[in-house]
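Every chain is named by a letter (A, B, C, D and E) in the order it is written, and numbering of its residues begins at 1.
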Amino acid sequence: MKPGTTRAACVALLRRDLTLIWRRRGDALNPLLFSIIVVALFPFALGPEQATLARIAAGTIFVALLLASLLSLDMLFRSDLEDGSLEQLVLSPHPLSLLLACKIAIHWLTTTLPLIVIAPLLAQMLYLPDTVLPVLLIALALATPLLSLIGSVCVALTVGMRRSGMLLTLLVLPLIVPALIFGAGACNAAQAGLPFTAPLLWLGAWLVLALVLAPLAAAAALKISLT
Amino acid sequence: MKPGTTRAACVALLRRDLTLIWRRRGDALNPLLFSIIVVALFPFALGPEQATLARIAAGTIFVALLLASLLSLDMLFRSDLEDGSLEQLVLSPHPLSLLLACKIAIHWLTTTLPLIVIAPLLAQMLYLPDTVLPVLLIALALATPLLSLIGSVCVALTVGMRRSGMLLTLLVLPLIVPALIFGAGACNAAQAGLPFTAPLLWLGAWLVLALVLAPLAAAAALKISLT
Amino acid sequence: MEPNHDIAPLLQARALTYTRNAEPIFGPLDVSLHAGEVVLIEGDNGSGKTTLLKVLCGLLEPSSGDVLLHGAPLTLARLSHQVALLGHLLGLKMELSTLQNLHFAVGMGGIRPGITPRLALASVGLEGYEDQPLRTLSAGQKKRVALARLLLVPAALWLLDEPYANLDRTGIELVNRVLDHHARRGGAALITSHGAYAYTSGAPRRIALKTAA
Amino acid sequence: MEPNHDIAPLLQARALTYTRNAEPIFGPLDVSLHAGEVVLIEGDNGSGKTTLLKVLCGLLEPSSGDVLLHGAPLTLARLSHQVALLGHLLGLKMELSTLQNLHFAVGMGGIRPGITPRLALASVGLEGYEDQPLRTLSAGQKKRVALARLLLVPAALWLLDEPYANLDRTGIELVNRVLDHHARRGGAALITSHGAYAYTSGAPRRIALKTAA
Amino acid sequence: MNPLLLWFHKLGSPPYFYRLAGRFLPWLYAIALITGAIGLYGGLVVAPADYQQHDSFRIIYVHVPCAWMSLFVYAFMAANGFVALVWRIKLSEVLAMASAPIGAAFTFITLVTGSVWGKPTWGTWWTWDARLTSELVLLFLYFGVIGLYSAIEDTRQAARAAAFLALVGVVNLPIVHYSVNWWNTLHQAQTVSLMGQSKMDASMLWPLLTLAFATHVYFFASLLTRSRVALLGLESGKEWVRALVNARTGGRQ
């Protein structure tokens, strides 16, 4: 692979970011613990009745995972901005959208995927019926990449600002409410014994759309907020 | 008031921090919007049944406000660290615990108090019965300063680190679980028509203890993490 | 190599101005830079040197006037391997070793013939620091790693913002040597300095920026 | 004022060493600084100048040896109005105006007789910038505001980390003037520099730090 | 100086500690292994099956010793943290930080074995009962200490910050221990007591106590191993470590 080609650039970027995440693997665990703790707070807040907890389990897990992955989105470009790497990335001769797609993929794989992996544990904590669990997992697998993709556009827009964490939440949440309604809705329907495939198909369709458009939009947004 | 005395120092610090918050009043609104959005997500996640929402209203509001004020705690010393003001504060000849107490007070007044003010709105959104609202407000008024005080100690410990937001959550949450159990417990008891004063009194007692000890502990922690 | 003034200059700015919030930062400015030239932009604190460099590489948009690269208008999309910027922020990762940082730069930007990351490190005086994480280097040593990156990546035009800052005396000489080498090889460079120390080899062309009144 | 060597020195370091994660940063060092003295700490990049200053003001704990202030051991709690540190980070608020920043410093640290924040600003060449938010000043102008703070707050011992960095030629002269004035008034200062430019009035005592092998 | 104080002073010196620990280690491991084997044999083979729970009660022989250790290790860590903060003894920092992961592991095992045991006896893996909850909080506290320690660059500063956090978290210990008395819950009340009369048959009790002894010894063995490694890292610039390395490599460089 010739250095300097676009493929070489993507590989170099992937390798660098994975190395960095490995170096700071403690940080990578934080969203996990955050979501565990948020879910664990609900039994304290609502009391330990099994029926109540089971009723809200799917929705609460959805909200907790979305919050955790949302808050971690904030770091997507943060450190690159702080040390000037982002400037170098923008000045590089390769298509920015492709480079950003690499970064988004890594972010999802390293922070959100682990969240989905521990979802069964969270489901146990809130007594989610075992039959609903597969639906919950599929819904999360569709909704969280959607969040990462849409979120990356918003992060790119807010990247030059200090303390953008909360503002980011504000921008992203309205955009992902549909994902939440459909995802948690599918789980609730399954829990009530109703059909649940339609909302999941909708989520899938959006995900495909976002996969194509979000990196382009993020690149445009990044150029706007840097220049 | 002679410049350079401890009283003058506290006044100067209060005035400076209030001016800064006024300059960045957009940032100060963020926790507010964050908690509104989190609460607003629940009807989407759980479906619009009034009975379910009313059952979980007090607990959810409690969790949302604690999370919002927790996430904003992260900024308590952040900007002072970044521009070197914190170093100057530690090197100043005045008792550090007193200066930190000023900062904590300002933080609570400017970010958490507004949260309590909008709590009735959030209660409406989740159909909390009107009779429970006063209990909720009192519980919040006791639990949130407790969170700010305990949180400040943890923030002081993590202040030197990049991206400490999530780690902070991890450190603080176990310590505030009691406040949550007692605060939300009082609301749930009130909602169920049971006596609710005992948990509120416990909260009050802890608050008094924290008011005395937390600034001292925060000062000690800050010295550890800066030196 | 003597600058050749017949062909289109590597970089040309015509009647360039930049205004931030209705406040002029630098006035109408004409610069042209040919292959083989090093030009020094001098100016007091706050005279707009950093801003000028950012405009010249397309990171900021000029308020009026235009920038030509090889005679064609400059856009971010058209930079392709021609311009290297070294700003106040070095664009290096503190958690990676010096060598890992350079390998990444090569992957992104390609490599000049006849040089390797190790050689580049050695030629900026960092032999033996190959596996040291950047975080443990001092300010001046980090700057040297950024200089090594310039040596590796093939870009004809260098825009260097205060390359001398944070360097000790041998570091300053190193920068001058590197610049000379680049010019002799047919490259061009625009460097800024507030004049307390400066590019000393030969008598470089200087452009003075004045603080807008 | 000539340094008086009979009384206990303002600052004294005895056999001071600092080790970070088992790696020695600077070796056993003996420094003593009397009232009226300015001492220059010279050293290459990474030789430990910044670290030394932080140890001397108690922000870092020495690995061995001790620091005496007026003959008594130094602790953070005992600094009380005696030491002023100016580091790489200036400790100024970007959102506040220059004057607001200085007022805050005075509230925290007190004020010398016969000077006001406005006068101090004028004497560092920032007249007319009183109400400008710091964020809109250039790097060098910000440094000047930090120098104005030094002029205002009564501290006998100044620890200045690279006070010349980021300043243009008039700025460098300004620092020298301010240091002279401080020494003549009976103060003392310890300044670092990597030697590309330096304190030039008189022939200041120098301490050379070497990079640990 | 008082000879005891003198000995402590000497023990605090890293090279002395390193050598002493090295001498004790094999013995400690051997004792832990042998008593552990005896205890397990007693618990799993010799002890009679419970009249209510049949054989599922045997999980007690893992659950209870680990639960005790989770509390003991935290107390040990906090005590060392206190010494480290007040007297700045490097060895205490090392000991405190080396015990955190071991304690977290014991806590984790307690939670897992408790859940496994809860399924047959209470019909659920997990309930939000006071003891279970406070034990979960204990796990988070351990995680917090480990997280803080690994998040700060400078090891000594990190150790002090984490030690401080450990001290703050000590409030949780009495809550875990007394929760069964303060709130009436599903979890077993105190059944074993060293001073008074235990509410447990002797044939079931002796393997439990043997295993408790074994886990303590194992903890110290593991702690010493970890501390020795950590000390080598911390003191890698010092003369005694270099001498040690030279001796190991036979003077080769």
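Basically, contacts are C-beta pairs under 8 Å (C-beta built on N, C-alpha and C of every residue); 3 or more make two chains touch, one makes a residue touch a chain.
The shown structure was predicted, so the numbers you read here are calculated from the model rather than taken from an experiment.
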Any chain in contact with chain B as well as chain E: A, D
Contact-graph separation of chain A and chain D, given in steps at minimum: 2
From chain A, the most remote chain by mean C-alpha position: D
Most remote chain, CA-based centroid, reference being chain B: C
Two chains sharing the most C-beta contacts: A-B
Rounded Å distance, chain B centre to chain C centre (Cα mean): 47
Cα-centroid distance, chain C relative to chain E, in whole angstrom: 57
Separation of chain A from chain B, taking each centre as the mean of its C-alpha atoms, in whole Å: 26
Whole-Å gap between the CA centroids of chain B and chain D: 37
Contacts with 2+ other chains: residues of chain A: 26-27, 30, 33, 37, 44
Junction residues of chain E, two or more chains touched: 133, 140, 143, 147, 151
Listing of all chain pairs that touch each other, if any do: A-B, A-C, A-E, B-D, B-E, C-D, D-E
Contact footprint of chain E on chain D as seen in their complex: 19-24
Residues on chain B engaged by chain A in the complex (per definition of touch): 26-27, 30-31, 33-34, 37-38, 41-42, 44-47, 52, 55-56, 58-60, 62-63, 66-67, 71-72, 74-75, 78-79, 162-163, 165-167, 169-170, 173-174, 177, 180-181, 184-185, 188
Complex contacts: residues of chain C adjacent to chain A: 57-61, 76, 79-81, 83, 85, 87-96, 100, 103-104, 106-111, 154
Residues on chain A engaged by chain E in the complex (per definition of touch): 26-27, 29-30, 33, 37, 40, 43-44, 48, 50, 124-125
Chain B - residues contacting chain E, complex: 153-154, 157-158, 160-161, 164, 167, 170-171, 173-175, 177, 217, 220-221, 224-225, 227
